[in-house]
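Take a look at the structures below.
In the two complexes that follow, chain A is the common piece, with chain B as its partner first and chain C second.
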Partner chain A sequence: MAQTSSIHYEPVAEIGGGAYGTVYKARNTESGQFVALKSVRVQTDQNGLPISTVREVALLRRLEQFDHPNVVRLMDVCATQRSDQETKVTLVFEHVDQDLKTYLEKAPPAGLSQECIKDMMKQLLCGLVFLHSNCVIHRDLKPENILVTSQGQIKLADFGLARIYSLTLWYRPPEVLLQSSYASPVDVWSTGCIFAEMFRRNRCTNCVPSFPTCLSVIGLPSEEEWPSNVTLSRKTFRPVPPRPITEVVPEIDSQGVQLLLKMLTFDPFERISAVNALEHQYFKDEETATETTK
Partner chain B sequence: LIMTLEDDLTTAAATGNAAAVEYLLETGAHVNGLNRFGRTALQVMMMGSLSVAQTLLKHGADPNVRDRSTGATPLHDAVRTGFVDTARLLIEFQADPNLRDNKNLRPIDIAKLGGHEEVFAFLETE
Partner chain C sequence: MSNVQLSSSALERLVARRTFPLQKRTSVCRNLFGSVDHDELHREMKDKLREISERDQERWNFNFEVNSPLDGVYEWKEVSVDETPAFYQDSVQSGRTRVPATPVKRRPVEEPVLPDTPRLMERLSAPESSAPCTTEVNQENRKDKLNSGKQALRRVPSVKRKRTDTTDHTHITDFFVKRKKVVDRKVADASSCHQSTKSPIPLEQTPRKRIR
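== the complex of A and B ==
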């Protein structure tokens, strides 16, 4: 994996970070293009990098070969040894200068057009189907991690580094790893929240679609439906009956309502998969969809 | 490592957080102050964020500041990333469309090279 890169990247600002490392906006000083540098500190022993890190990077590189239009490009990987015990792995991603949060804030007061919402959702699901078909669960889909180019192309960022980030995952038992929070339905739920968010008009800055917001679409699930193995108690939430969906998301067409409810299905095993969502009628009959908006 | 208000300001600008940019400017961050990488907020802002650009420019951000390594101005970068509304706003606030970067390129040359037709057409009228 060791790779010496002759390209020079110069950080210009810090844009993210956590216990694992830091994310910088940087510039390729040769091309002038911005990149996102994501560096991760990993512990090394006499065998070099941990196998989990090597696998994770190999996976990202394999994904990159598909050149999928809806995931962010991985341009380079560099490993720098800091000490006997520590190596810094730096992933160089294409930088996109707009995220979905910013894009939605710029929407006119009347909201996004129906065609635009449909196109965005289609691209988002395309990216997600690609990740899921390669056994990558995003786990943190939110407007800040969904990038939108100036040409309106959606690109998913911040995926696939779970094993680099939290090596302790290896020590967790399979029943924990297989728990719903580690499986693909979590991404579909998040996508459903984002779908609902796209229909909102006059949005205030800083409001993000939250679990309670989405609960207003489906209503508070019953005691029986509430999972028993979770720390979040059902009592935390006010018991709300489901609001008419057209009140929460006005202007949505009937196919859209159907798809949204399938994505926001409380039981992860009943929830629609990303691939089936992409096949949904909502994306099919363009004519009926445009007729209803006229 | 000590984080200054300007480090926070550039981070807020680069992540498109206009509310944080506004707040930091009100609490004493210098709009043209350099972060620890030697860049101002306008230089590193999320180019697609019109509200961040607007907030910074209204507070007197210098639109003609050059990147210390490449000589690019914020207008070069708005054009490179294809955001015509940001480019228009920068010019409204006196960004000079004729400045050249270290490769002797003007923003309009970057628009042409990058195939950003809309931005190119706009710059032609300037």
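== the complex of A and C ==
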């Protein structure tokens, strides 16, 4: 009991330490390869890193062994203990100059060519199929964490430990907004939003954060489609018919419309899977044309 | 020996290594491989960690500890986050959530974490407080602990101590912290095992007895 009164505040961990707002990147002078560091500061206890973090690192490393072309390369994971309460985990990634957000912003006024959109969608879905087949749900797909190399190669980033907790609601599917349970279809919805955005080159309006706006595009789902385990009743919403998708995304071709609608299906169980989306007729047309643009 | 389920060869091996606690014949004993020298283990781990860190540092010619480049194959450059995809931005993880590390203001003392580990540990392992605390406010936390099986025994007194200790300045972190530690803690395994050998009462019941 003697030491009771001595419990005052003590420095626990340095919060503002380090040079934030900057990123370290490097060029390997022998290979010419670019790498960048991303550090994640993890709270620890006397057992060291939380087991969830260890699992995530293990998962990232396992995925890395497949060397998938549409997933950002993770070259190394380095842990340093900063204090008893904090460990800094530094992830060494390949460095890619821009993400899809910048890419779309920098696109010529005429917009991206149909072939280019098709090619990028194909790559995006390839990466997604890879993640899903490894039981990884990205949960936060958006242009900011899809990297585009100077050769037009798409690389998914920011899953697992690398994830930055996001407040972006634009790409969130209805089941997430309704706080229903969700799984891999969430990523397909987000991909659908991104698909539409590639044509429009701005935030897809049918994916705006408010749920009613989302309904104004896809229409109010039927009673049967409405999830049973959510607090929000279907009756809360004014019944609206779906808007023709071409009104929202004018330049899309008919196959593209079909695919987009399948990706933006309200019911996650009815929504097309990534692997089936990749098999969609949209990608079958002009297969050769897409190949040559690579 | 009949109540220990080990193949005879494994048993022999244990006996040969003198790690098998032959003198303790109880029905509850999970201490299969002898007691662990935690200090030694800790030292070994520290050494190993340092070794790994040195290797990392060499491989990337970057000092990860102080976050500064060294001379070598990699030509390091510090660039603003605006010039590079947001994905590469640092982040802070606490529990299951992560936030970008850039705005320092975001979660001020989000680190509810751990007032001070050493002191806490000291308190945890301190002998039982003589003053029994009958008003156990922290039931919820305790229940969790009990369910986690192990270490309940040692932990309970410490909970009490802590509560009485901190009456002057109780903060919420007291409870959070403890819970976190308790769930994961393995260190106490050995000791709680020994303790349980003293009394025939199954682990789970001991704390209940204490509450009275």
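Rule of thumb we're sticking to: the second predicted complex is superposed on the first by the 185 of 294 C-alpha atoms of A that agree within 3 Å, B and C clash if a C-alpha of one lies under 4 Å from a C-alpha of the other, contacts with A are read in each partner's own complex, and residues count from 1 in each chain.
Keep in mind that, in the parts below, a residue touches a chain if its C-beta (ideal position, glycine included) is under 8 Å from a C-beta of that chain, and two chains touch if they have at least 3 such contacts.
For clarity, every value in this text was computed on a predicted model and none was experimentally measured.
Enquirer: Should A:Thr22 be classified as contacting the first partner (chain B), the second (chain C), both, or neither?
Expert: After superposition on chain A, A:Thr22 lies in contact with chain C alone.
Enquirer: With the two complexes superposed on chain A, say which partner A:Glu105 touches: chain B (first), chain C (second), both, or neither.
Expert: A:Glu105 sits against chain B, while chain C stays out of touch.
Enquirer: Report the partner of chain A that touches more of its residues: chain B or chain C.
Expert: C
Enquirer: In the overlaid three-chain picture, which partner chain does A:Thr149 touch, first (chain B) or second (chain C), both, or neither?
Expert: The answer is first: A:Thr149 touches chain B but not chain C.
Enquirer: Which partner does A:Arg243 contact after superposing on A: first (chain B), second (chain C), both, neither?
Expert: A:Arg243 contacts neither chain B nor chain C.
Enquirer: Once chain A of both complexes is superposed, is A:Lys122 in touch with chain B (first), chain C (second), both, or neither?
Expert: Touch partners of A:Lys122: none, neither chain B nor chain C.
Enquirer: Mind working out whether A:Val42 is in touch with chain B, chain C, both or neither, as first, second, both or neither?
Expert: In the superposition, A:Val42 touches chain C alone.
Enquirer: For A:Gly32 in the superposed arrangement: first (chain B), second (chain C), both or neither?
Expert: first
Enquirer: Quick check on the superposed pair: does A:Thr53 touch chain B, chain C, both, or neither? Answer first, second, both or neither.
Expert: second
Enquirer: So chain A touches chain B in one structure and chain C in the other; where do those two contact lists coincide?
Expert: Correct list for chain A: 10, 12-13, 15-16, 25, 27, 29, 97-99, 102, 144.
Enquirer: Please give the residue numbers of chain A that touch chain B in the complex, ascending.
Expert: Touch residues, chain A against chain B: 10-16, 25, 27, 29, 32-34, 97-99, 101-103, 105-106, 144, 148-151, 205-206.
Enquirer: Flag every residue of chain C that touches chain A in the complex, lowest number first.
Expert: Within the complex, chain C touches chain A at residues 49, 52-53, 56, 59-60, 62, 64-65, 67, 69, 73-81, 84-102, 104, 108-109, 111, 113-119, 121, 123, 129, 131, 161, 164-166, 168-169, 180-181, 184-187.
Enquirer: Going by the contact rule at the top, pick out the chain A residues touching chain C in the complex.
Expert: Listed in rising order, the residues are 1, 3-5, 7-8, 10, 12-13, 15-16, 18-30, 35-43, 45-47, 50-53, 72, 76, 78-81, 84-86, 88, 90, 92-93, 95-99, 102, 144-145, 147, 157-158, 161-165.
Enquirer: Show me the residue ranges of chain B that touch chain A in the complex, using the header's touch definition.
Expert: 7, 10-11, 13-16, 18-19, 35, 37, 39, 43-44, 46-51, 67, 69-70, 72, 76-77, 80-84, 101, 103, 110, 116
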